[in-house]
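Here chain A shows up in two complexes: once beside chain B, once beside chain C.
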Partner chain A sequence: MRPSDIAFRLYLVALFTFVFLPILTSMVFSLNSDRFPTVPLGEVTTHWYETAFSRPEVWTAFGNSLIVAVCAAALSTTLGFVTAYTDFRYGFRFKPAYLALALLPPTIPLVIMGLAMLAWLGRLGISGTLPGIIVAHTVMGAPFAMAICRLRLSQMDPALEAAAWNLGASQWRAMRAVVIPFCLPALISAYCLTAAVSFDEFIVAWFVSGLNKTVPVMILEILQGNVDPQINAIGTVVFLTSMALVIIAQLLILRKTNA
Partner chain B sequence: MSKRFEAYPYVWRLPLLIWQGLFFVGPLILMVAMSFWLVRNYRMEPDFVLKNWDRMLGRDYFWNAYWVTLWRATLAGVLASLIAFPASYALAFRVSETTRRWAIFFLIVPFFTSYLVRVYAWQVLLAESGPINAVLGFGGLGPFTMLNSGFGAMVGYMTLVLPLVVILQTFSLAAIDRNLIEAAWNLGASPRETLFQVILPAARIGLILGATFAFILSFGDFVSPFYLGGSKPPTLSILIIDTTKSGQQWPRAAVVAIMMIATLFVAAFAAVGAAYGRRK
Partner chain C sequence: MTDSDPLVRFSGVRKTYGTFEAVKHLDLDIGRGEFVAIMGPSGCGKTTTLRMLAGLEEPTAGEITIDGRVMNEVSAHDRDTPLVWQSLALFPFLNVKENVEFGLRMRGVPKADRHGRAMLWLERLGLKGFETRRIDQLSGGQRQRVALARSLVTEPRMLLLDEPLSALDAHLVIRMQGVLTRLQKELGITFVYVTHSQSEAFAMADRVVIMGHGEIAQIGRPQEIFRAPRNRFVAEFVGRNNILPGDKPGHELVVAADRMQVSASDPGEGALAAEFLSEEFAGTGIICYFEGPEGVELKAQVTEDQLDDLSPEPGQRFWLNWAPGAAHVMAGI
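On to the complex of A and B.
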């Protein structure tokens, strides 16, 4: 091994340490007995988990987050899939504008989305409700779902669908029997990823949630108070939830490239 | 055009138009309209006045926030690119295919962890009496004040953008034709010349995209400047939140938002021009 290789490896280790340090810190301190985080550490305890999860509002927030994530992911995935299919199969006038509309939302800063959504959903009378948060998260999740479905569709031979038509299947039947089964891994992984995005999103949710707080919104409000290791406990649970979703999605993506 | 009307294509085409029209374009148009409205007795009333624009753009505190945000986001873009490059270079040229794949996977992971919790962890780590100062203390250094400063905010921005920048840079570097690099060596180019005259130009798109994304994300972020930067001076995103949440002055917040979007548009166009434009 060249000396420069060792230097590069050390650099990589340093960079990954920087990226993962905050994640590990929060996990470690969620199990640490001292209220104020210091080195050396105190004893191992599940105290913060017990305190956090004995509060009914934490359970309510988890319930809210779950409802929002489940619904927003379903809507995003549906919207993403139909859009990806349109892009895959059809050419039409204004298609670039259509695609821009599909992919633009993530480029708008979340604070701005939050402000615009707050005003708009207020007009529609669903500001401060869970449906309001679901609507906002769907707008933000759909582009990711579309990208994943589009990637999968590009691996599909267009002749496959045509063959089904030639064998007498209607377009609907071909969709049901050929396209959707082919895209199933992508649909599930898009569902998991958009659920994870929704589960972590807090800025837009903070603007439009009112009294129906989701977990990250609650963390945000605890953060505005004092040092509170309960955040580490709640954060670790959120992290493990999102990670589970991402790993499922990743496994499906890996499998689909082999298939 | 003689074919009879078919419903099938529209079933797939319309949902996006309806949904994004109703819940994406609609809110943004309302926001632009709102910037011309007036607030009377804590209620917004539709109007067409330039008062909000006057009020915001005529004030020093808006422009101070604007330049701070622009400067910090630019710095974050440059710093993230410089910090990421050696790592991306190593991942692209110096490690095995398997290592690279795992590294990319681990760089995607933070994207799905709560940014808020990570920033809270930095708050703990960087505190005056926190672990990092304790470790530095063993070496007889510090304690340093790292929170509530530009430094703190920058640590937060790097947490947000570094993984993405490394991923984009690695992909563009790994895609370079190896023959190109070998040809440069065979023709007697020094490592330095190879880097600046072969590798950097060939990876231009990924490098510029990485810096641009870092700029865009940092420009709009409010968590790092608020919780690690101490919100003094405020950035534009903090200004929006303050104006919306405490002041009920949504129209003025809308003015700030439109200025931000305009700035991001200019930056994005400049970046695309630089990335895909003519090559020297």
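On to the complex of A and C.
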């Protein structure tokens, strides 16, 4: 191996250590019997998981997060796919503006987004409700879903859809029989990714959730009270859930790119 | 409707995109069971013509009738005009059999019937045993045949082909030409074949339509077009022709390269003196290029033996002449 290769490998190891060490630490302490995060470690225990998940509000928060993630991901993916398809299929005068607007939400500072959502959802009367959080997370997730769907559609031969019409499929039929099956890996991938975005999202959810707390909001509330390894336990579960979603999304994106 | 009526009629068809006129004016009849090739350089309007016939583009003006029925308002999916695409456009998420069944599925043919008809066509095109293969596991030639089977499985009266062989290797092109002409004869249906390759058009078509700048430049049997091009555009597009000034103003002579004789000494009889430029091996013979009077480029096709005898050097002087009947006169334009 050449020195540059060794250096590159070391760099990679250092990079990943830097990124994942804090999360790994949290995981380790979630299984540690000591009350405080200190070295040397105590015994291995699942005690913190047991206490954390014996609290009803933890279950409620997980339930809320799950409902929000499932719904927001479905809406984001639908919206993202439709936007991407419009871009793929039609040319129109204000298309650059249309695309810029569709991709804008991630560039808005989250605090501003949270405040704006709070004000707007309040006027609609759904602030503090699960539908309110779902709306907010859909706005945040749709651009990601759109980016993934656009990537997939850019790999589609434009003749494919026309070939379906040519073989007797109406526009809707061609959409169902050709465009959606072709984009299916991207749709699943977008669904997982937007679900992960929603599941993790704290700031906007904190503004709009009110009494219906999602998991990240609940974690903060527990943290404000005391430092407790239960947080590590809950954090680990959250991290593993979103990691699993993101990994599924990535695998699907990579596989379809190679195909 | 009688059998002598044309299957397809374009009358005064025009297609514009903004200010660009893809097809300026098209009057064309296509008969039943005819193999018609529409040929021309890229941007001549040939693909637009085909797409209008399939209902993928709507004519800006004029009328297209199929079997006497005006098709302008009929949407693509209600037409019986399957198209073999240049990119083939096979569905990558379906296997071979599912691709072939697609048209039947869209038309609501029951499953058992679909299966039987798809298998019949797969067998007919030599794809038996490939039913469950994925499209990306097939060779170019096999994909070509899947595309054909997919279009023919609904037993249409007419098949449209848009440069289907352009992605194949030369030896496969010849083989697929054989497959296509045989299929067309056996099925007795109309083939409308769009191509920029004159070898494909001339090898397969009963009638060739040459298009240029959105208009028909000439329609005729391959020999007619090759031997008697109507104007300079056709003569130049067909290639391997010498275009020479005629006896009268506005007249031009066309002499095919294979009818041009090369001699090392002046044979008299009005032979043209020309300087040798280069030679090019062209499969059926060797094309020699010369610079004739007033800088005009001349081509003559010779055999390998003749080339050895002449052993031309660049800049060397030769005389080119042709038999009196070999020249075709183009009047006007």
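Here is the rule we use: the second predicted complex is superposed on the first by the 247 of 259 C-alpha atoms of A that agree within 3 Å, B and C clash if a C-alpha of one lies under 4 Å from a C-alpha of the other, contacts with A are read in each partner's own complex, and residues count from 1 in each chain.
The working rule: a residue touches a chain if its C-beta (ideal position, glycine included) is under 8 Å from a C-beta of that chain, and two chains touch if they have at least 3 such contacts.
Just so you know, these numbers come straight off a predicted model, no measurement behind them.
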| item | value |
| --- | --- |
| Superposed partners chain B and chain C on chain A - clash or fit | fit |
| Superposed arrangement, angle subtended at the Cα centre of chain A by chain B and chain C, nearest 10 degrees | 100 |
| Chain B versus chain C as contact partner of A:P109, first or second or both or neither | first |
| Which of chain B and chain C A:F16 touches, first, second, both or neither | first |
| Of chain B and chain C, the chain that contacts the larger number of chain A residues | B |
| Partner chain(s) touched by A:G168 [first = chain B, second = chain C, both, neither] | second |
| First (chain B), second (chain C), both or neither touched by A:V178 | second |
| First, second, both or neither for A:I219, with chain B first and chain C second | first |
| Partner chain in contact with A:L160 - chain B first, chain C second, else both or neither | second |
| Per-pair minimum CA distance [chain C against chain B, superposed on A] in Å | 9 |
| Doubly contacted chain A residues - partners chain C and chain B | 171 |
| Chain B-facing residues of chain A, complex | 5, 8-9, 11-12, 15-16, 18-23, 25-26, 29, 36-39, 78-79, 82-83, 85-86, 89-90, 92, 98, 101-102, 104-105, 107-113, 115-121, 123, 135-136, 138-139, 142, 171-172, 193, 196-197, 200, 202-203, 207, 216, 219-220, 223, 227, 231-232, 235, 238-239, 242-243, 245-246, 250 |
| In the complex, chain C residues that touch chain A | 54-56, 75-78, 81-83, 85-87, 89, 91-94, 102-103, 105-107, 136, 150-151, 154 |
| Chain C partner contacts - residues on chain A that touch it in the complex | 157, 159-160, 162-171, 173-174, 177-178, 181-182, 184, 259 |
| Touching residues on chain B, where the partner in the complex is chain A | 8-9, 11-13, 15-17, 19-21, 23-28, 30-31, 34, 83-84, 86-87, 89-91, 94-95, 103, 105-110, 112-125, 127, 129-131, 134-135, 158-159, 162-163, 166, 216, 219-223, 227, 237, 240-241, 244, 250, 253-254, 257, 260-261, 264, 268 |
